[in-house]
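What follows is a single structure, written as structure tokens, with notes after it.
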Amino acid sequence: MAASYSTSELMVVRAARELLDGEVVFVGIGLPNLACNLARHTHAPNLTLIYESGAVGSVPDRLPLSIGDPCLVKGAAAVCSIFDVFQYYLVNEKIDVGFLGAAQMDRYGNINTTVIGNYKNPKVRLPGSGGACEMAIHAKRVVIIATQNLKTFPETVDFITSPGQKANGKTRKDWGLPGGGPTLLITNLGVFKFDSESGEIFLTEIHPGVERSDVVSTIGWNLQMAGDVTETPEPTADELRIIREELDPDHLYI
Amino acid sequence: MAASYSTSELMVVRAARELLDGEVVFVGIGLPNLACNLARHTHAPNLTLIYESGAVGSVPDRLPLSIGDPCLVKGAAAVCSIFDVFQYYLVNEKIDVGFLGAAQMDRYGNINTTVIGNYKNPKVRLPGSGGACEMAIHAKRVVIIATQNLKTFPETVDFITSPGQKANGKTRKDWGLPGGGPTLLITNLGVFKFDSESGEIFLTEIHPGVERSDVVSTIGWNLQMAGDVTETPEPTADELRIIREELDPDHLYI
Amino acid sequence: MESKVTTMADAISRFVEDGFTIVIDGFTHLICFAAAHEIIRQRKRNLTLCRMTPDLIYDQMIAAGCASKLIFSWAGNPGAGSLFGLRRAIEGQIPSPLEIEEYSHFGLAARLIAGAANLPFYPVQSYLGSDLPTVNPQIRSVTCPYTERSIATVPALNPDIAIVHAQRADADGNAQVWGITGIQKETAFAAKNVIVVVEELVDSTVIRSDPNRTLIPGMVVDAVVVEPFGCHPSYVQGYYDRDNDFYVAWGDISRDPSSLDRYLDEWIYGVGSRTDYVEKLGPDEVSRLKAELVLSTPVNYGY
Amino acid sequence: MESKVTTMADAISRFVEDGFTIVIDGFTHLICFAAAHEIIRQRKRNLTLCRMTPDLIYDQMIAAGCASKLIFSWAGNPGAGSLFGLRRAIEGQIPSPLEIEEYSHFGLAARLIAGAANLPFYPVQSYLGSDLPTVNPQIRSVTCPYTERSIATVPALNPDIAIVHAQRADADGNAQVWGITGIQKETAFAAKNVIVVVEELVDSTVIRSDPNRTLIPGMVVDAVVVEPFGCHPSYVQGYYDRDNDFYVAWGDISRDPSSLDRYLDEWIYGVGSRTDYVEKLGPDEVSRLKAELVLSTPVNYGY
């Protein structure tokens, strides 16, 4: 019987299980950081954590509060310049998995983190690409973590910052994109994969206690489903202990 | 009354005097290294010595035997990669003076260090460009040091490795070359400058004891002369002491 | 040779002119707020501000009216939310319109690399499928002469002035940095003039005991400013930690224009220098953020 | 995870195949003769050898018949004259014809940078007025989309295998280098496989006490070979000096094919490993070249 847990904890655990031992991960702050470090503390001790600030092989001894936190440098295997981290690691196809968040995402995993409304006269100015555009292009696979609602999952995004499986009507192959693009979406309600033919997301797992109608009603298009939608596996007591006691003791993200 | 000295010592001293305090010099091994370090020990204590190996602000405590000698690193101000030394220093126009040697040189200061004879079926295969081609293109000015004879100073060089003041019929301006190119030639017989109109060398100084006919007969074209050819100034006792006792105590190059 | 070592007030007044393109560098680390505050105090105007992450530092400069243009690639409060000063300028032209020119991190880094390398452009394997090129005409392309495939390009960026913070430098400006190094080296080589700000001015023998550690050589440095705690609320590895409480608090401070103005009045216009600022912070804050000692293993440069 | 630490014989046999494009790196410093000698002993053939400076190391490999092609930018005996093995191959097709592909240092470095950056080409402000492009059709050009001016290009180079020597690494292959760093990092990132050879295998805590010192991360390294004195007659800063007497003597050894063959027989085929080679050199030679101790000032990584 699993202990009680928050939705964030479930998402972190689900994301962690997606990472294989020995892989190289481009880590983001927040839930992705917790997921990567959870994996490192459990089934994937040889996971290499790279942060876009240039920290390589980080072993953070506290919760990093930015992607350039000094705890990512102390005890790391290497530190490299921004030039290196983008050219020699990311563009040079050394990154197995990247994580992306989304202010808006469409059915193909095209992500908008640039602007709500018109670019020239924005309703809301969002942060922009940072390293996201290249991660979407070059990482072997991308895991998207987002909170579901109709604003976040509209039929069409206002701006494509980072291309998904089909962008502006062209497939990744048509565009010549070297990386695999988004392969998994984890939201507060369920888990989704991308159809290899259509490039569209489809629901594969639904979180314990969530109704299928909640999932469908917070997505702005006719959502596809797997033939066998399963229940997202619950966190183990050990996973929860690591998250709560070691990774995020002040409960900033969980 | 000057002490007796060798031709090499005279050449080193003449080259040293060409360097201004505060300048940045791309140093080569042999006589250029002696000249730069002599200047640093005399009138130009703030000369910055850069070696193409990436040593910046070197203060060699022995005679370096290659451009990557460890004595160029110990106590240096910085060490940078090959990428940096060429892109960020040389191509980025941070180098005031560079030194070049020549297996062949024509009247315009075009230098061949690649091949004697035909490129595909060479009589003598020479080392090639190394950093010379870019130094000839990008350094603000270039000092050439060479030994005079008809083989070294032919009418036409067999191959242009490093462009001079006029290469293959086009001026530096026609080519769009950013640096100043060769501005001084120091040989075992005299000192030459380059005419700003024609791009040709002309004799400006003749070493003590050398006959004008010796200079003319070892150059493969009709050599131009300055209106007032002077005698190359002799080394001072102090300069000779520094060269012999501090810089090249084993007399490898002098 | 005239000494390069000077005060921040002098360095800013000599090297930063109205209308300049300026980079105050540091990727999450070594962000020199001391320089930004002095620029605000000297009421520099119409600057083109360039940074990958505008961060709180440019949010303050924009709110203070120093900027007419921003070149950037990620405009958030790292780990802590929005930059409301910047958003008001873009969304509502407050206090004045702000032109923006936007890249990805990689694209903007490549602009500085091209600037440092004296290349007119830099090729970047990027932007395919993204809408970024549609809103930035500076993102163009060339055809590879080997593969015949098109590849995106960005133009060189050569700032008028770069301000980079380092842990230590000697009086010639040979500056050593460890921890996150960002794009500081390229920015220094790309800029027409360079101010290096350091936590500690050290003897040349310290620098020269470890030449591989030198990120920026003195030959490209015009002024050296010694400004301990000069990056607060950012951090300096080995000296002090980021003041994360302030980064979080900035959300509330900057959300309301009048509270942001009060911040500028109290902490920037109201203090004469970084020394005054540190004094105002107080010794408890300074000691709270002070770094513990974790030394590197030395290496041998002998032969 | 299987250990990456292995012997030179095993690493060469696993990662170097006949016909491969290979770089044994190190610009004047950290030139791994131990690897070259093992390649000669294993009689690898038809290699495309790539190095900016072929140096004695490739002169020996060419004379031993390992190479069918050479990609280079300066083919002399640094500070000491000619490479006669190489010259005989080019001038007289002895022992066999040697195809050459020639750049300037900058151009060849740029090929490896492009390879490391996964760019199909690299633009280089070079070659104008030089005859080099007329003999190397790989030097081409693009038109800058901002200035409309032509700029030379070189194509990416991605060696099948890179062998880089470092002062120290941990068992994961995180390798630290100080002194001249050359193009070692770019070569490692450009290559399909990487062998790191070190003077010392150290605990991971030593490496991780100074992460900015790591030039090559273990994640791109396939094998780690511990080979003390592995660069002789080249040098390793902090460990041993260059054997300049040998560099000078090489002129006489290599001028005559039979004396060069005798050298190969005695010092390469005639010894089983680098350990044997060092033993044959003798303790006096080793101690003559041993480095004095000149330690760097440590830095603080705390926060």
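Going in written order, the chains are labelled A, B, C and D, and every chain counts its residues from 1.
Rule of thumb we're sticking to: a residue touches a chain if its C-beta (ideal position, glycine included) is under 8 Å from a C-beta of that chain, and two chains touch if they have at least 3 such contacts.
Model, not experiment: these values are computed from the prediction.
Where touching is counted per the definition, the chains common to subunit B and subunit C are D. The most distant chain from subunit A is B, comparing centres defined as mean Cα coordinates.
For chain pairs A-D and A-C, the one joined by more C-beta pairs in contact is A-C.
Here the CA centre of subunit C is 37 Å from the CA centre of subunit D. Once the centre of each chain is set as its mean CA position, subunit A and subunit D turn out to be 40 Å apart. Remark: subunit A and subunit C have CA centroids separated by 28 Å (rounded to whole angstrom).
Rounded to whole angstrom, the centroid-to-centroid distance between subunit A and subunit B, based on C-alpha atoms, equals 58 Å. Across the assembly, subunit A contributes 55, 70, 73-74, 79-80, 87, 91 as residues in contact with two or more other chains. Multi-chain contact residues, meaning those touching two or more other chains, occur in subunit C at positions 118-119, 125, 149, 178-179, 181, 185-186, 209, 212, 235, 237, 241, 291, 294, 301-303.
The complete set of chain-chain contacts reads A-C, A-D, B-C, B-D, C-D.
Partner subunit C is touched in their complex by these residues of subunit A: 29-30, 52-55, 65-70, 73-74, 79-83, 86-87, 90-91, 110, 114, 119, 122-125, 127-134, 136-138, 159-163, 167-168, 170, 172, 175-178.
Residues 27-29, 52-53, 72-76, 78-80, 86-87, 90-91, 102-106, 109, 113, 124-132, 135, 149, 178-183, 185-186, 235, 237, 241-242, 244, 247, 291, 294 of subunit C are the ones that touch subunit A when the two sit in their complex. Interface residues of subunit D facing subunit C in the complex, by the touch rule stated above, are 118-123, 125, 140-147, 149, 151, 153, 155-156, 167, 176, 178-179, 181, 206, 209-210, 212-213, 235, 237-241, 291-303.
Here subunit A touches subunit D in the complex through residues 21-22, 24, 46, 48, 55-57, 59, 70-71, 73-80, 84, 87-88, 91-94, going by the rule given at the top.
Residues of subunit D that touch subunit A in their complex: 1, 116-119, 172, 174, 185-186, 189, 204, 207-209, 211-212, 214, 217-220, 301-303.
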